[in-house]
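Following are the structures in question.
Below, subunit A partners subunit B and then partners subunit C, in two separate complexes.
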Partner chain A sequence: MADSSGSGGKPVADLDSRFSNLAPSSTGRKKTGRFNRFDNPLLNWKFLSGAGIFGFIFFLIFLGNQFWDTDLALAGSSPLNMPPVGFTNWRDQEGIPEHPLGTENSGRDMLALLIVGTPRTIGVGVIAASVGMGAGILLGFMAGFVGGIVDDVIRLMTDVVIPIPSLLVLIVIQSALQREMDLVTMALLISMFSWAAPTRYIRSQVLSMRESGYVQMAQLSGVPTRDIMYREMMPNLLPYLAASYIGNMTGAILQAVGLELLGLGPQRIPSLGVTIFFSIEAAALLRNMWWWWGIPTVILAVVFIALLLINLGLDEIANPRLRKAN
Partner chain B sequence: MNARTVLFVLLAVVVASFSFTAMAQDVAREDTAIFDRDGRVGPQPGFDNYNPYVPNNLSNGGLGQAVFQPLFILNYETGEIIPWLGESASSNDSLDVWTLNLREGAEWSDGEALDSDDVVFTFEMLGNPENAGLWRAGNVQTWVDSVEAVDATTIQFNLKAPNPRFQLDFLTVKIGGNILILPEHVWADQDPFTFKNFPPVGSGPYTLTHADETNWIYDRNDDWWGAKTGALSMPEPLRLIWIITGNDQIRTTLAVNNEVDSIMDVTLGAFEAMQAQNDNIFAWVDGMPFVWLDPCPRQLTFQTDVEPWDNPDMRWAINHIVDRDNIIEVAYEGVTIPSRTMFVEYGAMFPFIDAIEDAGMGLSSTSNHMAAEELLTANGYVRGGDGLWQDADGHVLNLAIQVHEGFIEKRRITSVLVEQLRAFGVNASAAVIAGPTWDDNKRFGNYEATTDWDACGSVNEPWASLDRYTSRHYVPIGERSSGNNHARWSGMNNEAYSDVVAQIGSLPLGDPEVIPLVLEAYQYFYEDLPILPLNQATKLIPFNSTYWEGWPTSDNNFNHPATWWHSTHQIISELRKAGM
Partner chain C sequence: MGSFSLNYLLRRLLVFFLTIWVAATLMFIIPRLAPGDPISAMIARMSQFEGFVENADLIIESWRKRFGLDDPLYVQYFRYLGNTLRLDLGYSMGNFPATVAELVGRALPWTIGLIGISTFIFFTVGNLCGALLAWYKSPKWLKVMIPITMSFTSVPPALLSLLLVYIFAFQIPIFPELNAYGRGMVPAFTLEFIGSVLYHGFLPSMSIVLATFGYWALGMRGMLVTIEGEDYMILAQAKGLKPFYILYRYMIRNAILPQMTALTLSLGLLINGSVLVEIMFTYNGMGSLIYASINTLDFGLIQGTAFILIVSSALAVLIIDLSYPLIDPRISLEGR
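Up next, the complex of A and B:
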């Protein structure tokens, strides 16, 4: 705390040093030198371990898709209510190797469910975060750099959208939809609300960056506004954008899981949230079918931890003050 | 008296007044019977709708079990008709004039007398052609010519044609509920389509105390006419509560913790979990399969007015793809049987079902993919590269099945159906839809196919189910149906079918002419197959005897255990405090 309040006295200078450090000028980087080892994302242990976990999950999914029959994730494809190998269910049936992680009460194989459901869950986050961030970058830069009436309109829009309780609105929209919910629709619905926060953050970053020397120099040299925004300024913001992309993705997955737990997710090929919803609906807790709700919950937790680590790592790369604290 | 005594007396008065209010407002758990009700936890569009004649009312949330009383109740176990608000009903020899006698001394909960004028008012409201969209109105308008009050408790119904089933079909709780008599003094100036009747005035032993989106509380009216006159016995529970619990997890937890006494329906696995943790939980049958056979078999209803499902071949193709045994194995964990016909598999229906099966019109419980393939090919469909069937223009064969979100059972049937169809190359999908919307979509024809129980009606004779698909119930897409023939089945076969069904309708129960006529009508139905009967509906209805005993079981079979029907008055009157 003492550290941040100490540097808080001269924010502009601090920001300047931060961004000049990140500027593509290689000579500048050599001169300062101090933070070099942090600038390489591969050397941040949080980022590394988060990315490692993520990579491992996708490696397992890849292996699963190669070696496991993913059609077993469909209803009625396997015997019902089987426990994982080495365990028994409440009817004293033993787990069988054909279904190593057990099955649920519609005859879906848990292993196949995880192989199919995990990328679907992450996919919602990727789509929603990409759309949200894309809009956020576009609007945030326009608001911050162009200013004036454009800024006023965009700021008003974000101010309106941010306080809307999005989960509530999403529940209403999804219950009113009269067709099978699919992941892309769900992700797009979530992204309707996920653009506003990035827009506001990016705008504030752009506002402070607008005053820096190289931007003013570019303006004086007659570089078109679009190029200043996306060629000069955006590269400097990349670590920051990546961090907030990951944060956005976490938020989107959380919202998707929230909707799915209410039964508003895609039901035919369940994602992790829908699997947990089915297990709750069928009283899996009281039936001691821990593999049904437990395994997807653990995977979700691991996904969130990995995203959090990546986010923290990227944050440190983007923000020198966090690095000093370390 | 010193100051201290004054203070003490004041304190005592305050404490006494508090405990008095507490006594007046709180009813002990052991005096309360709590019923669970199907539905998703969340906003209930009809949570204050006590109008029995419009959709989304509280028919299974106390309206028909506590507030309004049925005239008669059919005993499923003996076949006899039990008098309730009505005392007796009889017909003339030609079966076209029926006379109903009400109980003497019946009263509404606001103290007004319940007499034949109320019955006449109710039937005239339903008989008014402007009110054809009200529940049961279509049937009343088909059969009832006029209603007159003979005296304060005697009502005469003059029918348009002889009807041997009038008492059963119009005055008796046969399935779910039937026409409920309304208080004329409350309803006379109301629009029956919009009036919510909240708070309700009824003739039952309970009055509404509280209603919100998940709880409905009724307290006993100790001045109830039934007990005063001795006509009916005063039920023991001082309070009845209906709650929406939402899913098996919550239901199971509440039941195990004795926080609910009656549960609407659970899956076999959830029931086994309950029994393992609470010895006081039981169901209709003591042992596998625990279930009671509900009179409403499950089916897939097609919208026969839209392409390509207007083509009987296409409906038959779907029938050949469907594997009924697999639906039962997965969706019901094995605890029901497939449907052979549109009828419920009750003993009294076997003569008709067997005759249909002997005539070669029984439905197979397994799939016949070859036959499906032939039909699709003959109609110009080919399998595309992705394995999906498509028509000559390359359009993939889709089938969107709408399903009511509140019922886990129907969602499970639908998910198995979808997998069976997709495995064969029909691009099927399940749309889980909010109850009121689902109901509206059916009534206005805004669907391709839906999982429902619309052939429901017959329990001891075939006419009631057959009649639901006759041409007189047909309305085009976009017009509100009367609640029958949602499939919008029409055409020559339907005309011929309707003529034969009308003949069946005029014959007395048990007439030997009925079976050949049923076979004739069924032949048209079988050719066109506007609906796919899937499986018999079983209900696994857990009861908890911790606080209340006397629940219906196959041993204590005073009647069936469907607690969401209007016959629940009888169940409530049989309840006794546990251990008394």
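Up next, the complex of A and C:
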């Protein structure tokens, strides 16, 4: 008895070690056990740090709204062209603590501008991405699930829209309208082009998921198509959808900033892009007023980097094979 | 080469022409949906700039006749499509005797050059970096260095160019901040001129490259990480193939086609970005043209520039799509 179990056990252990040699990444995880609670895919440092940066930005905006006079974002409310505290401008004026981040050409306080402008910039992204995503989910599911001529038409539509540089069409629309539009209108115009990429992406995910066992089982059990789409497949698609949403939001903010840099955005209450546009118009680069264009640029860059981190993190959450490389 | 299925070819061509048609139709519809007619708006603008306009009614009437605005809409539409097909995009109101086609023709090569060279650089560098990140033989320091250089990824190229102009044209003036070539130079195929073009194009293309190549590196790495541990990869290593050979023939070669597809998908965004970069550098391309026409309210020129850029984008996508069989021999076999 003892003899046979010994001889039976050895080759198995041998085989095991040979397998673990082939897949070196699995050895590290073995020690921590299968039910380690820190093994949760949501505990992804990219996702968490991106979300953390975003949370911090919103926290700062909240604090700013509580403790800083946002009326200072209006033109003429402050002295002109003051540098941030600790710096001097080209007229050798020193920064004053009433305007810690300085002021710009028409007497707007930079700190107040950032407090007011940042949520507006992010808001455009949220609205445009939500509308685009909604359309994308609907069309993507229809194309992937219904198939046939519906699929052909939707696929053709996305193929036609995707190569169009949307900023140019938006420029034509904005300059034809000949008047300022509000933020929501701009967001909705941007969303006219932000449905195509998610549609394409969701369609391909749905197509690959449609063949999976549980979907076919549900179909055989006579579950209505709509329920299969939204109850069975949607929960499994959530990480993909979230990643796509964040990507879409990045794109929408990019479009909005682009339009604003051309001076085509809503300008009465400046967002970050409009602030940069004003600074370029006023030759802030030549006058070395770096705080005017630099601070909004850095904040926009931080927002974009946070969005990218969230997106990469979500990708790894959705796709276990990407996770193992870290 | 060149024997892919007829179906594929036809579909690509259909998408190409549909894109152009959609773009042309958009350019036709948008101004007509806007409140007021274009000519009264023109007169209003003129009176804004120059005070009083004499005989405004007469001007409006003669222009309506000249541009055929009294015809029914469908007649106007087909006339417009016909004109567009012949690349007759009308006159530029801002620089009157010049036609839109002339101005666009002068600006387009610069934009194509800028985007083309930048795309070549970021696609090569990005994919190579991504492959090196995933390659089992790449040295440790590379795996630390590459992600650091990628930190500008996802910052919009236009903002990056603002930063580069500030640092390398104002603070440490080693690069010029304006134009595509030196002041007073006459475009010609001389060594001096080409050098000047490269010198002036460096910062603009750098801002596009720095902002984008990280995406391609991430995409490449993502794809290669998922094929790591596939049977054929293990077999290749077991056979004792040289690591470089594996990197090139087994890893990059397999992943380059999806990357090309991703390139066609991101071309629109790329053009958006480079239009803005050109404006930041007042580069003599389409971006600066469209910016100037926005400022002078030259609507015909805005339309023409946008239309030609959309057509170029669609054409580039078509060319890349049709070049798949050159890159991946499996595709040319598929047609038979």
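A few points about this structure:
As a convention for this text, the second predicted complex is superposed on the first by the 284 of 326 C-alpha atoms of A that agree within 3 Å, B and C clash if a C-alpha of one lies under 4 Å from a C-alpha of the other, contacts with A are read in each partner's own complex, and residues count from 1 in each chain.
Everything that follows uses one rule, which is that contacts are C-beta pairs under 8 Å (C-beta built on N, C-alpha and C of every residue); 3 or more make two chains touch, one makes a residue touch a chain.
No experiment lies behind these values; they were computed from the predicted model shown.
Taken together in the superposed arrangement on subunit A, subunit B and subunit C clash.
Contacts of A:Ala75 after superposition on the shared chain: subunit B is touched, whereas subunit C is not.
Of the two partners subunit B and subunit C, it is C that touches the larger number of subunit A residues. By the document's definition of touching, of the two partners only subunit B reaches A:Arg268; subunit C does not. In the superposition on chain A, A:Ala282 makes contact with subunit B only, while subunit C stays out of contact range.
By the touch criterion defined above, A:Thr88 lies against neither subunit B nor subunit C after alignment on the C-alpha atoms of chain A. Of the two partner chains, subunit C is the only one that A:Leu307 touches; subunit B does not reach it.
When the two structures are aligned on the shared chain, A:Thr225 is found in touch with neither subunit B nor subunit C. By the touch criterion stated above, A:Ser175 is placed in contact with subunit B and with subunit C alike.
Of the two partner chains, subunit C is the only one touched by A:Pro165; subunit B is not. Of the two partner chains placed around the shared chain by superposition, neither subunit B nor subunit C is touched by A:Gln216.
For subunit C, the stretch among 6-14, 24-32 or 42-50 that collides with subunit B in the superposed model is 42-50. Across the two superposed structures, the residue set of subunit A contacted by subunit B and also by subunit C is 175-176, 178, 263, 280, 285-286, 288. Across the interface of their complex, subunit A is touched by residues 14-15, 18-19, 22-23, 26-27, 30-31, 33-36, 41, 134, 151, 153-156, 158-159, 162-163, 165-166, 170, 218, 221-222, 225-226, 228-229, 234, 264-265, 267-269, 271-273, 275-276, 279-280, 290-291, 294, 297, 299, 302-303, 305-306, 309-310, 313-314, 316-317 of subunit C.
Taken together, the subunit A residues at the contact with subunit C in this complex read 22-23, 25, 156, 159-169, 171-173, 175-178, 197, 200, 250-251, 254-255, 257-258, 261-264, 276, 280, 285-286, 288, 290, 293-294, 297, 300-301, 304-305, 307-308, 312, 315, 319, 321-322, 324-325. Remark: subunit A residues 74-77, 80-81, 90-91, 105-107, 175-176, 178-180, 263, 267-268, 280-288 touch subunit B in the complex. Contact residues on subunit B toward subunit A in their complex (touch as defined above): 40, 247-249, 251-253, 256, 266-267, 269-270, 272-274, 276-277, 326, 329-331, 333, 400, 402, 405, 408, 411-412, 415-416, 418-420, 422, 429-434, 437, 441.
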